[in-house]
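As written, the chain order gives the labels A, B, C, D and E, with residue 1 at the start of each chain.
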Amino acid sequence: MSTTALSQFSIPLLMGNSLNAWSDALAGFYLFGLPLGLVIIAAIPLVFIALYSLTYGVYGERKISAFMQDRLGPMEVGKWGILQTIADILKLLQKEDIVPASADKFLFVVGPGILFVGSFLAFAVLPFSPAFIGASLNVGLFFAIGIVAIEVVGILAAGWGSNNKWSLYGAVRSVAQIVSYEIPAAIALLCGAMMAGTLDMQKINILQSGSYGFAHFFLFHSPIAWLPFLIYFIASLAEVNRAPFDIPEAESELVAGYFTEYTGMKFAVIFLAEYGSMFMVSAIISIVFLGGWNSPLPNLGGVALNDWTNGPVWGALWIISKGFFFIFVQMWLRWTLPRLRVDQLMYLCWKVLTPFAFISFVLTAIWEVYRP
Amino acid sequence: MGLLDAGITKHNMLVTSVDNVLNWARLSSLWPMGFGLACCAIEMMATNASNYDLERFGIFPRSSPRQSDLMIVAGTVTMKMAERVVRLYEQMPEPRYVLSMGSCSNCGGPYWEHGYHVLKGVDRIIPVDVYVPGCPPRPESLIGGLMKIQELIRMEQIGISRADALKKLAEKSVDPRIIIERERTVVGA
Amino acid sequence: MEEGKVISQSLQESAAAYSIIHEKFGSAISALDANETMPFFEVIDTSQWTEIALFMRDHPKLKFNYMACLTGVDYPAEEKLGIICNFESLALFNHKLAVKVKCARDGGSIPSVACVWHTANWHEREAYDMFGMLFTGHPELKRILCPDDWVGYPLRKDYKVQDQYHGIKVPY
Amino acid sequence: MQELDTAGLGSVRVTRQSDTVVILEKDLATEQMVLAMGPQHPSTHGVLKLECLTDGEVITQAEPYLGYLHRCFEKCCENVDYPAVVPYTDRLDYLAGMNSEFAYAITVEKLLDIEIPRRVEFIRVIVAELNRIASHLVAIGTYGIDLGAFTPFLFCFRDREIILGLLEWASGARMLYNYIWVGGLAYDVPADFLKRVKEFVDYFRPKTVELCELLTKNEIFVKRTLGIGIMPADVAINYGWSGPMLRGSGVKWDLRRNDPYSIYPELDFKVPVPDGKDSVIGDCLSRHLVRAWEMDESLKIIEQCIDKMPSAEGFNSRSAIPKRIRPKAGEVYGRAENPRGELGFYIESDGKSTKPLRCKARSSCFVNLSAMKDLSMGQLIPDLVAIIGSIDIVLGEVDR
Amino acid sequence: MSEYFGNIKTGAVTIATGMGITLKHFFNAIHRKGDAGLDDVDYFRQVDGLCTLQYPREVIPTPANARYRLYNKIEDCIGCGQCVRACPISCIEMETIKVAPDDLAVCGKTSDGQQKKFWVPVFDIDVAKCMTCGICTTVCPTECLYHTPVADFSEFDRSNMLYHFGNLTRLEAEAKRRKLAEIQAKALADKEKKAAEAKLEKKDGE
């Protein structure tokens, strides 16, 4: 498989339907005996996300928030401020990189790295199209849930290493929050896994495809599927520290939370990780409940909308736009709502989301067993 | 700017154009520290708010000095506060800029004569790049002052000091008001 | 009080309130200065000030439960410092009274009424900060507006501002 | 009021019910940490410093440190003429310059015993009430920021900008007006001013409803403020609270009604106090609601003033201003209802000089803030932020 | 239990209301409010939408009586010094020289026809200090001192904010001063001479 890699490279574009064709082809691509394809597989989502983070994430957030607040948002840096984020990153690169004298040097430096790795590792198992997945694990969903927990280590390292009281508060709050919200989030995703009967992300997607488009999505699969969907969405907000659960970086309380002391590039990395994980949870929710790369359009008799809008390239488009939609909802929430208090956050997690997650778990199980 | 200062004295094309790009990045994303002291802070907030919207220029306030490039000293600095201002300034990463907003921080303002507890000008403790007069300055004047800082950054180069940049700017002296007037007439016509 | 002069309703009420205090404390307080702008009396026996204050607050017909203001004043001519307190009975009665308490300019002290009205706590600290009179019995008498190591009492009429504060030049 | 010493109890969250302190939560005492909040902190509304002793997230004790904006107002007053004090009073409570000027003007007028033209009174009330709305908008907006909602703040500032525009049109400055002079006004209002103010009132009414729905009614906002920082009425009076703070504790006390000045007795407006239905009386939400209701009342007052306004014919806004202000020897304590409470001026004149012998500003924020230590004890850090926000301090007035 | 579900319900409803409001604003962003000033009749009839003005290009007109930069029309200044006395913060510095009788025509008149009797070699306004209270402008008898609506005049150097409005250069001032001194000396001499003469006459008369 190795010698003919180049020729294989172009085929998947045409052959389309065979699962993971691109990524398998890439994985088999060796140059001078080096597994270059694996590197590319790892890099493509990262590059894509980095681009997205730059152009859509920050810029979009600024613009969306501005429009919601009757403002214009970035205007002067490039046409309509389109280069704003690039300027920000370039500037952050130039800034002096301060490591506070009293900080724990090792933890301080390593924290943002762990954070970044934690949030981007999950991209490996996200199926971006029927023909592309970084690592087609049979426990993909489990991996995605599990790997997010690494972020906690990064946040704790950053907050503790800063040797700043606000950072410490932010870190401790964040750890408590993320660890707690893992539970309802995991249970809610488990409902999805139960409906699918597999943890393989790609298979979860395939199970949701069909000629009726959105009607095959797990969200409409059972009468109570909206409940785990909602629970996971709320829990995912907390997991990525978005409002109204942004208490770890609550500006009015903790200055800037666990990254109060970070400057320059380290700060940019934290920022990037934050926007990266935002997309990650949005992608997971759209894969598990909204069909991932499946087209939501149904075949209407002779007008085979669903067939026309499915395929590797369309798939990538669908999953990205679904992800972006959820990011938009996250921003929308952020610029509307006040922030919860620490104990209310825990109340919401343990006394509202977790019981409801269990209920939805049981109901889904019953539904799956006695499905009419 | 540390190491490079000593080595580079003559500027070739490459350095200059790199400079331009880097300067463009810096001037396009000036993050000020949300550092309100007194009356002027309210005008600063008004400038950040919808009607004037500093975010148009990529300026949006950060509450941590570590992530900010610009300190807007908005309001009266008192003796008790002076040391904190210095400390906050020192916490900011290089390259950093200071904009003194309003009469009080320019020179003590209305309190210069009898205000025993008022610091008579924030430039006594930290270097100030631009002074914005007014009591309090209108949001327009604050934006004008920020644009002056941007002009200053545009003039900076690796290897030359900020004072030299100022001199260079003085040679090239362009009155922002003239630009504003010109732009306005263009838009009007 | 001058006879025959038309006095306002509020002043009459204040005078009535004063007479109750006068009955109790007699010579410890001066006569009422019944002017229209701010009727006041002075506490002559300063040591009784806290008792007068408690009496004013708790007497069922006075109920001066609200201390509006406490002002420190410097009287260089009399070589005295003083405080002026404005009281009223919030939502209960309609009388208002001001009380003046004076003490010596150097090292003088006035009994604190911070335990009677919480308002007095910070106001007395402020008066101490600005004028330098002591308030005996105050829970934590320290400077409030100026830094702790500030020299002098700024609102005294003969105040000269210090030249340097922590290495920063103070005057213009 | 029951005093509570939390020193030996460890990490205790408390709240107050009428007169007693109730322990909400009790935790094991751990190592205490000193947390210096401010003077540069996003939620201290300026340069207040709070030195908190914390046990985890619970604050055992918080001690406010002020003076970071002590601008020597009283010293300046003693060195300038009576009319020249007016610009300094603007800078006391810089969010409500008109109200501060109003308080100072009526105080000196009381000392001078002069009669003010009726139109002047009406214009004064209009501009003061406009400024009250502007000030409450800032209070409500920044309170939203304190609790994490950014958008209401910008909506508030958007509408405030219109008020500033109106006041600038009348007085020539956006924030620090020097408009209400002792004995009159700097200028009469512009020709179309009243018409535009009326239009503003019509424009603003729906905006308050929107603001209410976006922020005040929001469940998260309610949960963050309900039952937090409760202050019983009698303690509040003893602390000398005034304004929306005192009314938030259920005391119907408004100087515009209870110690009437200017033309307020002729106007019909309510003094809103919480009824305990939407909020616990005396908590942060009550104070917030009082501010929100007061904006509606101010709108009413403005409308009435415009209707009753005497004509501008033969009117000179400076006609009653004395050529040289030199009051007879005496003392006066005058006050007015500021957006933040009672702003009083104690002025002493020696009868000879054109400068006041002593001019003391009794600022509402200074007094309101003095209860901070009491309020913050046994609260969580986020609640502390909510409490500071609900006090709505302006450091310029606290430190003077 | 009903409270528990009630809470969840009110939470969901109020959050949905709030989101509805922000979404309404989001879609309203296709409109932009104009840049009319408050003295414009249509001010409150502008559409609801983005209210940002892009400052250097779009500006809300400042009202005519707006007080920003202090300016002295020195041609009209009679050097009375009222402003200097009135300024609460003494940010105006002024120096006057009496005009010699033969210079009165040179010195000229103010625009309302008042004869100027003083040269004003130094009229410095420190706009860095100025608090734009407008007290100085109200006392000015010739209305030559006024605040202009120009607000945007920031400087890199604070010394540039000391505005000089004097109508004489330093050398000219020196000359005028010398001239005045001469005249005064002459007048004094004349006076003395006259006094001496008077004395002499008196003596003579005796």
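Miscellaneous remarks
The rule is simple: contacts are C-beta pairs under 8 Å (C-beta built on N, C-alpha and C of every residue); 3 or more make two chains touch, one makes a residue touch a chain.
Just so it is clear, the structure is predicted and the values come from calculations on it, not from any experiment.
Of all chains in the assembly, those touching chain A and also chain D are B, E. Touch-path distance (fewest steps) from chain C to chain D is 1.
Using the average of C-alpha coordinates as each chain's centre, C ends up farthest from chain B. Ranking every chain by how far its Cα centroid lies from the centroid of chain E, the top place goes to A. Chain-level centrality, scored on Cα centres against the all-protein Cα centre, points to D. Across B-E and A-E, the chain pair carrying more C-beta contacts is B-E.
Here the CA centre of chain D is 31 Å from the CA centre of chain E. Once the centre of each chain is set as its mean CA position, chain A and chain B turn out to be 38 Å apart. Computed from the mean C-alpha positions, the centre of chain C lies at a distance of 42 Å from the centre of chain E. In chain B, the residues that touch at least two other chains are 50-51, 53, 56, 63, 80, 107-108, 110, 112-113, 116-117, 135, 138. Contact of a single residue of chain C with at least two other chains is seen at positions 145-147, 154. Of all residues in chain D, those touching 2 or more other chains are 41-42, 67, 70, 72, 75-76, 78, 87-88, 151, 154-155, 158, 161, 176, 214-215, 218, 220, 399, listed in ascending order. Contact annotation for chain pairs lists A-B, A-D, A-E, B-C, B-D, B-E, C-D, D-E, with touch applied as defined.
The residues of chain C lying in touch with chain D in their complex are 35-38, 40, 65-69, 71-74, 84, 86, 90-91, 98, 117-119, 121-123, 126, 130, 143-147, 154-155. Across the complex, chain B meets chain C through its residues 79-80, 82-83, 107-108, 112-113, 116-117, 119-120, 124-125. On the chain B side of its complex with chain E, the touching residues are 50-53, 56, 103, 106-110, 112-113, 121, 123, 128-135, 137-141, 143-145, 147-148, 152, 166, 169-170, 176-177, 179-180, 183-184, 187. For chain A in complex with chain E, the touching residues are 64, 66-72, 75, 332-333, 335-337, 352.
Looking at the complex, you find that chain E touches chain A at residues 8, 15, 18-19, 21-23, 25-26, 28-29, 49-52, 54.
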